[in-house]
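Order of writing sets the chain letters: A, B, C, D and E. Residues in each chain are counted from 1.
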Amino acid sequence: MRVLPRADDAAMPHVWDVVRRFGEPELTGGDPIALVVLRSCLFTLRSVAVGFGVGAAVGLVLAVAMQRFRVVERGLLPYVILSQTVPLIALAPAIAGWGGKLSLGSYPWQPWMSVATIAAYLAFFPVAVGMLRGLQSPPKVAEELMHSYAAGWWHTLLKLRLPASTPYLFPALRLAGAAAVVGAVVGEISTGTRGGIGRLVIEYSREATADPAKVYTAMVGAALLGLFVAALVGAAEFALNRRRAT
Amino acid sequence: MTAAVELTGVGKVFNPGRPDQVAALTGVDLTVESGQFVSLIGPSGCGKSTLLRLVADLVPPTGGTVTVAGKPARKARLDQEYGIAFQQAGLFDWRTVQRNVELPLELRGASRTERRERAREMLDLVGLGDFAKHYPPQLSGGMQQRVAIARALAVHPPLLLMDEPFGALDEMTRERLQDELLRICARTGTSTIFVTHSIPEAVYLSDRVVVMSPRPGRITDVIEIDLGERTEATRQSAGFFAGITKVRRALRAPSEVPA
Amino acid sequence: MTAAVELTGVGKVFNPGRPDQVAALTGVDLTVESGQFVSLIGPSGCGKSTLLRLVADLVPPTGGTVTVAGKPARKARLDQEYGIAFQQAGLFDWRTVQRNVELPLELRGASRTERRERAREMLDLVGLGDFAKHYPPQLSGGMQQRVAIARALAVHPPLLLMDEPFGALDEMTRERLQDELLRICARTGTSTIFVTHSIPEAVYLSDRVVVMSPRPGRITDVIEIDLGERTEATRQSAGFFAGITKVRRALRAPSEVPA
Amino acid sequence: GTADEPETPSGGSGGTTAVKLQLQWFVQAQFAGYIAAVDKGFYREQGLDVQILEGGVDIVPQTVLAQGQADFAVAWVPKALASREQGAGITEIAQVFQRSGTYQVSFADSGIKAPADLKGKKVGNWGFGNEFELFAAMTKAGLDPGKDVTLVQQQFDMQALLRRDIDAAQAMSYNEYAQLLEAKNPKTGALYQPSDFTVLNWNDVGTAMLQDAVWANSEKLGDAAFQDTAVKFLTGSLKGWAYCRDNAQECRDLVVKRGSKLGASHQLWQMNEVNKLVWPSPNGVGMLDEAEWRKTVDLALTTKNQDGQTVITKQPEDTAYTNEYVQKALDALKGAGVDVNGTSFQPTTVELKEGGA
Amino acid sequence: MVVKAGRVAPFILPAPSVIWEQFWLSREVIWKTGLASGANALVGLVAGAVLGILAAMAASRFRFFGEASIPVAAALNALPIIALAPILNNMFDSTSSIPRRVVVAIVVFFPVFVNTLRGLRQVDPTHRELMDSYAAGGWTFTRLVRLPGALPFVFTGLRQASSLAVIAAVVAEYFGGLQDGLGSRITSAASNTAYPRAWAFVVGACVLGLVFYAAALGLEWLATPWRRSG
């Protein structure tokens, strides 16, 4: 059995080949791959952004609900976990199917929204779990103090739990960002939405037999997209810490 | 007039039925009249903090009833009938000193300017006016404790619960704050339960000193103090020393029948 | 014989060049002879903890030199020339009380049985033999502090640094531990720097009481105490009261020229 | 243009009916007939405005169709029969491919010359319900697919076979097989040759099943207006297929223009191979041969997969397919002088370039 | 109920009773394939978690490594597993389980790494000073203070990772390789519109995910006794 990775040209094209491939047209006479990949990434970014935003918001609300009601935590947490174990293939048709029947006001449902939904579906989870931990993190004295002020749940949340949970928020958001990228890519693949980097990965991977470097260009694109999102989250964290450190 | 605090047959067992079960308090009866200053004194681990927490409705008693301002403890807490300072300062690291003191005012919906003024006033009172913009981790232990005191006093509550608030302070600061505390309580008619390890402090401050003994925690003596108005001279007065001696004796040889 | 601790022209500025810059200490000269017991006393925020931290090489001085057991502070720390108890207990929540006390022994490679014995002995000394198997969050504030004291004493270090270790203790426990501490120091020839806010405590324990004043923190007086061997009677002796008065006076009216 | 958007603005031209067609896979010459019908205006002639929906990994055309998200779908017969049995209300209205295009390919030196030789080998297949012809062949040769071979799911490329991770790989004559021939043989430095491989062709083995067919939503078919649309749709589609038979190069260009990522020479090969599957069509293109249907149904009823399941468990109702609409479409096409049999169709020889460029 | 009344065709979201029926019919296959997927998830989880913890320790030890590692880890995590699976299938023997396990390990690595690092860096200043006073640095400090203090964080990461591991193991099956796991059965059932059967296997995957999550919780309970009381 093979334990060490192969390193032949087909399995691991030379970095140089991949870089060179970026500069060449994807098909004879077409745009250079770099441009195609960039365009696809931008397309996917929209699904990622919407999915990330919606997912983070949903995760936050769930975390707050679980923190608030022990019963909800007991009752909900298993479902939150469960939700993540449902393979996307079982969901993609349902999401695409439901979506097709919806419209946002007069704005009809677009295929990329199904993709964003899948991205949100993966993104909410780390936020829910991480923020639950964060919201539960304040020391007992602090909780008792707020209790002694008869501070209701809302005020305790606002003045104590949320500020105390910022150290947990950003790792969670980073995971959510990555999850949103994965979700968007998977979503594009499974729902057959064209135009994004996920679709490109699968399209190029069909050509890996004879042109192995090509599929790597799409994968590098996907990775760069992930990095870009991670960098955005990192920048937000940096900005916030900066403001608080003064 | 209703008593500020009334405990009847109160008991507290931690972790009941587990190997690390601890009977922290048993059969505690205690009344604090309105405007009275009562100190709790007793060896470490005898249940003073627990008693305070019961009054504050932060832990539920396993037996007996706790009444605060004529209401059940829970209702009193919800009505914000008391202010509390814990043994640990319990400051919020992400708020400046000033904003830590403002917190309870914020929760009572005080206006911004009012909050700011009151916080400054309290910080000046505890001698930390210069540190308003610092964050808690930049303060010395005693300074943190003083911020916590300022925070408890800021709202002028009808009942003050204080757990060794001056424990980390030097004698001068301590004596100054004792006088300030008495002044504030007298002026506003505040009732106070005050946990301390210092016998002179208990005697100087209190109308009554409650002496406790451990395992299980219970009240062994209640010593009435009557020193009249506290002045410069009080700390040198015979009555003061007599009080100290009484309390010391009660601590050394707990009477078998609780008072 | 080399001095246990020697500070020459030591200064410490926190956050230099920033708006929250604090000059915590300036021009501190202090020598602690081997076997000597020296107390630091002074108002809150005057730099006592900082001074202790400098000796322990936990913060670097911004000026001057710190020598411990004839070596630079850093080398002394690496050689584990001292044991320390902080103002905050600083127990490890994930270790039982017993294993918290065992920690420094573990780090010195003591055998399991030795560790266990020594820890039990120390816990009995501070009156917590029954709580060996509990976790720190289950203890009262004073109990936690006593565990920290047991931990500092467990290794019998040549130099003991203690930051208000008895602050959260009741008078009886406190007096008992004071006597135990003196006994241990005498028996093992330990040198001690002891931070406290209690003037009687400082006088009772010390060969010299170092009085400090704040902003910037500096030494304003060093008061020699000679009470001979401490006995039951010492706390009532005239010499004791005289010492107290001297220290109190030094605290109230800091002499302009540092001693 | 992209497949997601209608080529012509719908509604504006008045009297056009909007129709959605769900493909079962990416845009490629496999679907050239429909693409040509859109691009050459054959649908518009019929008053239809057809939007082509591309497939995806997890998109099951029958499901999309049954949910009412598309009006027509291209799907393989056995998979569609399985979906029908599970409650998808769909009806076959045209059988475009007359033959199966699935091969099982192995290296010539591996000695796999018949299905029985697969015993003990690592046998690649695509899963996704595309594997029953292979299972039928193995069963016919006396092998138990669950025990006698190691089943391996293939990726979208053929690398597993080329590096001999697996001994035999599933390949469509028009796609993956070409990819093999577009790859460089490291030993010779030239492209692989057909002689390097042996091919098991299910049409020869006798376990072929019907593949690309046009399916319609059964419920909608109950509506007379939609029946009319179905006829028009088939008329346009079949005209497209006839066009691509005669204009393979141009159809290839249309496919490439539509954004297929596979290269031009590859698409030409595919066009040519697909034409072989469609033409000649003795009964007329799109006409379902009853005997072939029965063969497919029998195999679907009896072939067991590795878990012992068959594709379907009971005979499909007679309503599962109908030649009614295709007959009308053929009549219309014949009336317009279109050759719907392609008796004289001659495949060309396409030269593959490295990477299908 | 909802499913029966809803507007989604029943063959997509079948009624629970129908799923249960299929679950029962397919129980042996579900068990067999569940074991295969479970083994992949477990091996990957353990490997990824160990690597994540080790890397976090290194990152908290060496400042430079710490600064550099986070973007690298984020990059690794940003690689969609979907893109990864085919590459790994090419790099390793696609007929072995190794590529899938590597996929799981990579997916697991990030949450464990990020959370552990956060935990390792969050040290009570008093504890730091105490250990300094014991002249205990480096590995001793890590072992006695950082690691136990970080344990609750490690477990936050492990909790997230546990169910991720199962998803990754199942999803990795879509991209080829041995047809011995739950994923291959889900895809093949779904592509035949056999949704009750597909969902029966999905339920199998969910149960597997819950088992993993519960195992992580149980481990946490065992490993952090001091958090149980009080």
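FYI, a contact is a pair of C-beta atoms (placed from the backbone, for glycine too) under 8 Å apart; a residue touches a chain by one contact, two chains touch by 3 or more.
Keep in mind the model is a prediction, meaning the values are calculated, not measured.
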Could you give the fewest steps needed to travel from chain A to chain B through chains in contact?
-> 1
If you count the C-beta pairs in contact for each pair of chains, which pair comes out on top?
-> A-E
What chain lies farthest away from chain C once each centre is taken as the mean of the Cα atoms?
-> D
Quick one: chain B and chain E, Cα centre-to-centre, how many Å?
-> 49
Where chain C and chain D are represented by their mean Cα positions, the distance between them in whole Å | 86
CA centre of chain A versus CA centre of chain E: separation in Å?
-> 16
Using mean CA coordinates as chain centres, what's the chain D-chain E distance in Å?
-> 38
Each of the following residues of chain A touches two or more other chains, namely 6, 10-11, 88-89, 93, 97, 140, 189, 202, 205, 208, 212
Listing for chain B: what residues touch at least two other chains?
-> 15, 20, 88
Would you pick out the residues of chain E that each touch at least 2 other chains?
-> 8-9, 12, 86, 90, 93, 174, 187, 190, 195, 229-230
So in the complex, which bits of chain E are touching chain D?
-> 8-12, 26, 29, 86, 89-90, 93-95, 173-179, 184-185, 187-188, 190-196
Partner chain C, residues of chain E touching it in the complex = 124, 126-127, 129-130, 132-136, 140, 144-145, 148-149, 151, 224-227, 229-230
So in the complex, which bits of chain E are touching chain A?
-> 7-9, 12-13, 70-71, 74-75, 77-84, 86-87, 90-93, 96, 98, 110-111, 114-115, 118, 122, 152, 156, 159-160, 163-164, 166-167, 170-171, 174, 182-183, 186-187, 190, 195, 198-199, 202, 205-206, 208-210, 213, 230
Which positions of chain B touch chain A when the two form their complex?
-> 53, 56-58, 77-80, 82-84, 86, 88, 90, 92, 94-95, 103-104, 106-107
Sites on chain A touched by chain D in the complex | 6, 8, 10-11, 26-28, 88-89, 92-93, 96-97, 100, 111, 188-195, 199-200, 202-212
